[in-house]
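In what follows, structures are represented as structure tokens.
In what follows, subunit A forms one complex with subunit B and a second complex with subunit C.
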Partner chain A sequence: MENNDLVTITIDDKTLQVKNRTTVLEAARSAGITIPTLCHHEAVAASGACRICIVEMSVEKRGRTVSWMDASCVYPVHEGLVIKTDTPKVRKQRKLILELLLSRAPRSERLLELAAEYGAETGRFESVNQGRENCILCGLCEKVCKYSIQANVISMAFRGVKKKVTAPFQTGSSLCIGCLACYNVCPTGAIKYVIEGNRLKMPAWDADVKMQKCTECGALYAPSEYIKELKKKAPGLKKDVLSKCPACRRKIFKAGTPA
Partner chain B sequence: MDKIIKKKDLDAFKEKGNRLLFADSVKIAVQAGTCGIASGAQEIFDFLSGQVSSGKFVLSRTGCIGLCKREPMVNVSVPGSVTVVYADMTKKLTEELLKSWIKGETPVKNSLMTLDDALYANPLKDLKLPSGHAKYRDIPFYKKQEKIALRNSGFINPHNLSEYIARGGFYTLFDVLNGQDSDKIIDEIETSGLRGRGGGGFPTGRKWRSCRNAKGDKKYVICNADEGDPGAYMDRTVLEGDPFSVIEGLAIGGYAIGANEGYVYVRAEYPLAVETLKQAIETARNHGLLGKNIFGTDFSFDIRINRGGGAFVCGESTALMASIEGNVGEPRTKHIHTVESGLWEKPTTLNNVETWANVPAVVNMGGSEFRKIGTKGSAGTKVFSVVGDIVNSGLVEVPMGMTLKELVFGVGGGIPGNRKLKAVQSGGPSGGCIPADKADIPIDFDELVKVGSMMGSGGLIIMDEDTCMVDVARYFLSFLVDESCGKCTPCREGTYQLKQILDRITRGEGKPGDLELIEEIAQVTKDCSLCALGKSAPNPILSTLTYFRDEYKAHIEKKKCPAGVCKALITYTIIPEACTACGKCLKSCPASAIEGGKKVAHRIIPEKCTKCGICFDVCAFDAVKKV
Partner chain C sequence: MTKTGTDKKLDTILKKYEPRPDSLIAVLQEVQEKLHYLSEDALKRVAERVKVPLVQAYSVATFYNAFSLKPKGKYIIQVCLGTACHLQNGNQLIEELGSLLDTEMGVPTKDGLFSFEAVRCLGCCSLAPAMMINGKTYGNLTADKLKKIIKEYKAK
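Our next item is the complex of A and B:
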């Protein structure tokens, strides 16, 4: 069967046809069904790490029903797949996964929101304080930095509960361009940044980069290295467009200067 | 170097090999696998090396023949006689016995047995059985073993290609490449019922067929020699004792699925295995058995070695492939199978060392012959490393279908000190504990799963009545907590929290509800983890909870460890009436926690006692009590 062929599946009693090998998560979303996710982001390939998106699946095999749990964000659909996204078992298992994650990230707003929805309790488990506060090791920051930005500043180090995201050798990194992609994808708000004077600092990676002044109004608007990168990636843009802050840029566009 | 192209070239090597194996002079072969060397084989080898210039004997080395408990071992053959294996050897004994050996005599001192079994027979002529020695099948340890994967280990020189060829090696590859089509070989493997020996027991033929049928311009075969299970050394022994069998297996597999490149992923902690394999690959290459146009046919095939850093999870197929690619060794979801998209996204067949070592034998004897060995669902034999509370610890290969009991009490010689068997742990760290009253089940992939354990790769830990099952579960879980890659939540956090609870229970801080909580976490870890490490990690807890729940309860409710293992839950006291004031315990106590004097009954000072148990062991009057 090729990937463009349609297959028939059932999600929460709705029968639908979707392309072979689309993920269960995509299929569910197309049917208007919400499944919680943490480590899934459009910007990077799904890894199936957090397991919050688990669903119950089953197929008929030789007259018997075989069912199992799996992560919907990575599971590719196939003919005859029956999916249940919100059974008592699914809810119970998501609740426990949340409790396990809360033992590591007790103050994450997103987790607390989901905890309320699934009745997850805090305090049933010992707290785990091996890595960064509130980090659930979803891996999104690492992947976006490596594959989308291609800056390769951070990666996972160590194994098991000792695992953490860090710059090489757990020291600060001079490679960070301050793009804040990691900050933006982080589901738990574990990555923070501050602007002090003309520097942008990200304590998580010990990054400290210079902010660029707008050639028009003089406002600090983005890290210099980031602008350099953007210029490299979009060579077609008229050079000085990126040297101006967004507000000034808008003014210029309004005045009809072509980009 | 002379290339092997025609059958007559193989025949020439065979003849040479037989002359080496069954020498016309006195021949001494030291069993120098890692296990042998660890118990002193190198010293014996070095001593003999110093004597060899006398010209009175030839010196060789071989791998391990399985009975590790009795190493160092030395195989001695005198002209016209069957080889004698000497056990528990030392340099001094070697020096002494050498005087007789070079005279063509084989004294019975330290003799273990003769290699008179059909497996080791001289194909050219009958040899005389030296008198006074035990025969191979007289030894309970070997009586019921059946060697296929270990057919050559401990007998041939692993570095010598002609000795391997003399044992029939590479003839199978020759026949396969000259005239058999690849589908026929896969048919043969499928008929044989061979299932993977690395853990999962997946049917090898089916795996090969899918890989053969998968679309791809390039395909790979890989040998998994990561062997990360604590206490397991089946694969190491095969690589150290018979590396050519793995090379031949990989070449046959490569031909069958259409791959020209093979990898052996072997852990770097196995330096001797790596070195032996490296040399064997080079030798095979030099003689044209690897490389371009093997045996003058269109088939080209070569093998590379990849050394792993010793992470247990890198034995998992997708993590292993990521590691070969140079990425972090973390598993990925396998919804697209590695036979379709494996190493560098090409169709890949991964099999375990023992599986590959079986391949030439299976093809040679034919699938239906192989299927006759073992049980309906599990054909052939299985190699186990038997360790723990067992008389004959070592490496055994037994036909599937033998009962666990037979393996423990027959082959293994039972439990030392006539203590009772409590449980057998099979399947590696994420296997299960099978209680003594279930030990009459046959060794079989599916039967082991039915009782909550699994075959795994062949680690077998025998536990006597002095074993605390909560402590055992905690031990295996600790290993898995350390080895979890940490990618997915249930395995990373779930195993850790399970271990925290077990830690508490063994410290005497168990609470009502703990067992239910354990079961809740275990279920999620089993159902929702990404790879088989997490999915199977709860097995040690779940199996011990099934069969030894009362032991858990005693820890939690009564704060007692029935086996007397968990230190926080036991106390040592001296019974004054029984104490003769001999002073032995006082002298032995490393914590100076015992007071007493001449004719004064001794007493343990609880605050100082570290519960090491030495006083308990040394007291000759049974005056120390453990409660």
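Our next item is the complex of A and C:
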């Protein structure tokens, strides 16, 4: 069977046709069914790390129904697959997963939201977060840094209970461009940044980069290294876009004379 | 600037391997063996040579127990604390080594000759309590035997 062929699947009693080997998560979303995710992001390949998107699946095999549970973000659909996204079994599993995740990230707003929905309690398991509050080690930050931005600043290091995301030797990475991709994809709000004077600082990676001033109004609007990278990756960008803050940009574009 | 002995050793190792990412672990292993640890500088040069980002080399170096980012002695003493050796007072060997070498676990002696660490089961439980020095196994150890062995290594 080719990847472009259509297969018939059933999700929560809705029967639909989707391309062979799309993931269960994609299929469900295309049918307007919500499955909670944490470690999933369109920008990078799914990894099935957080398990919160777990669903119940079944097929008919020789007259019998065979059912199992799996992470929907990495499970490719096939002909005749029946998926249930919100059964008592699914809810029970998600509750357990959340309680485990909460042991690392007890104060994450997103996790607490989900915990309320699934009746999960904080503190069921002993905390093991190596001083990096609210990190569930889903690996999204590492992946966007490596594959999307290609800055290669951070990665998983150490292992077991000592495993954590870090820059090499935990010291201020000269490679960080301050793009904040890691900050933006983090599902639990574990990554933080501050702007002090004209510097953008990310304590988690000990990164410290210079912010650029808008040539029009002087406001700090983006890290200099980030702008440089943008120039390289998108050579067609207009000078006004690169050198001015969003507010000034809007004014210029409204006037209709971007340089 | 003249190159130090360490730099030269590193150069020789780096030259031996193909400059591509899949050489990473092999190079790290040899650097660990010859220089007894992976310094920040060494890790940077290895990463550069095999064309992987430093953070990837760091990730690998911190993941495997075979690699150490802190200096180790020329002779690495691995004291077994597996079940059998534990029951045969393997812990006492560690205490003994501490006072014998005047250092603590994981910290090399001042002359850089020795460092000792605890490991789980060397696979020779009938020789308990046992230890290994740079791959050579010593069994049925007593405080006296230990003293003798260390003396031999010091004389080498």
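Quick notes
Keep this in mind: the second predicted complex is superposed on the first by the 253 of 259 C-alpha atoms of A that agree within 3 Å, B and C clash if a C-alpha of one lies under 4 Å from a C-alpha of the other, contacts with A are read in each partner's own complex, and residues count from 1 in each chain.
Note that a contact is a pair of C-beta atoms (placed from the backbone, for glycine too) under 8 Å apart; a residue touches a chain by one contact, two chains touch by 3 or more.
None of these values were measured; they are calculated from a predicted model.
After overlaying the two complexes on the shared chain, residue contacts for A:R199 are found with neither subunit B nor subunit C. If you count the residues of subunit A touched by subunit B and by subunit C, you find the higher number for B. In the superposition on chain A, A:L137 makes contact with subunit B only, while subunit C stays out of contact range. In the superposition on chain A, contact of A:V74 is made with subunit B only, not with subunit C.
Contacts of A:K84 after superposition on the shared chain: neither subunit B nor subunit C is touched.
By the touch criterion defined above, A:K231 reaches neither subunit B nor subunit C. Within the superposed three-chain model, A:A49 lies in touch with subunit B and out of touch with subunit C [touch as defined at top].
After overlaying the two complexes on the shared chain, residue contacts for A:R159 are found with subunit B and with subunit C alike. By the touch criterion defined above, A:F169 lies against subunit C but remains apart from subunit B after alignment on the C-alpha atoms of chain A. Overlap of the subunit B and subunit C contact sets on subunit A: residues 155-156, 158-159. Subunit B meets subunit A in the complex at residues 311, 313, 328, 332-333, 335-336, 481-490, 492-497, 500, 517, 520-521, 523-524, 527-530. On the subunit A side of its complex with subunit C, the touching residues are 146, 152-159, 167-169. Touching subunit B in their complex are the following residues of subunit A: 47-52, 54, 68-69, 71, 74-76, 93, 96-97, 100-101, 103-104, 124-126, 128, 136-137, 139, 155-156, 158-163. Every residue of subunit C that touches subunit A in the complex is listed here, in rising order: 40, 43, 53-59, 62-63, 69.
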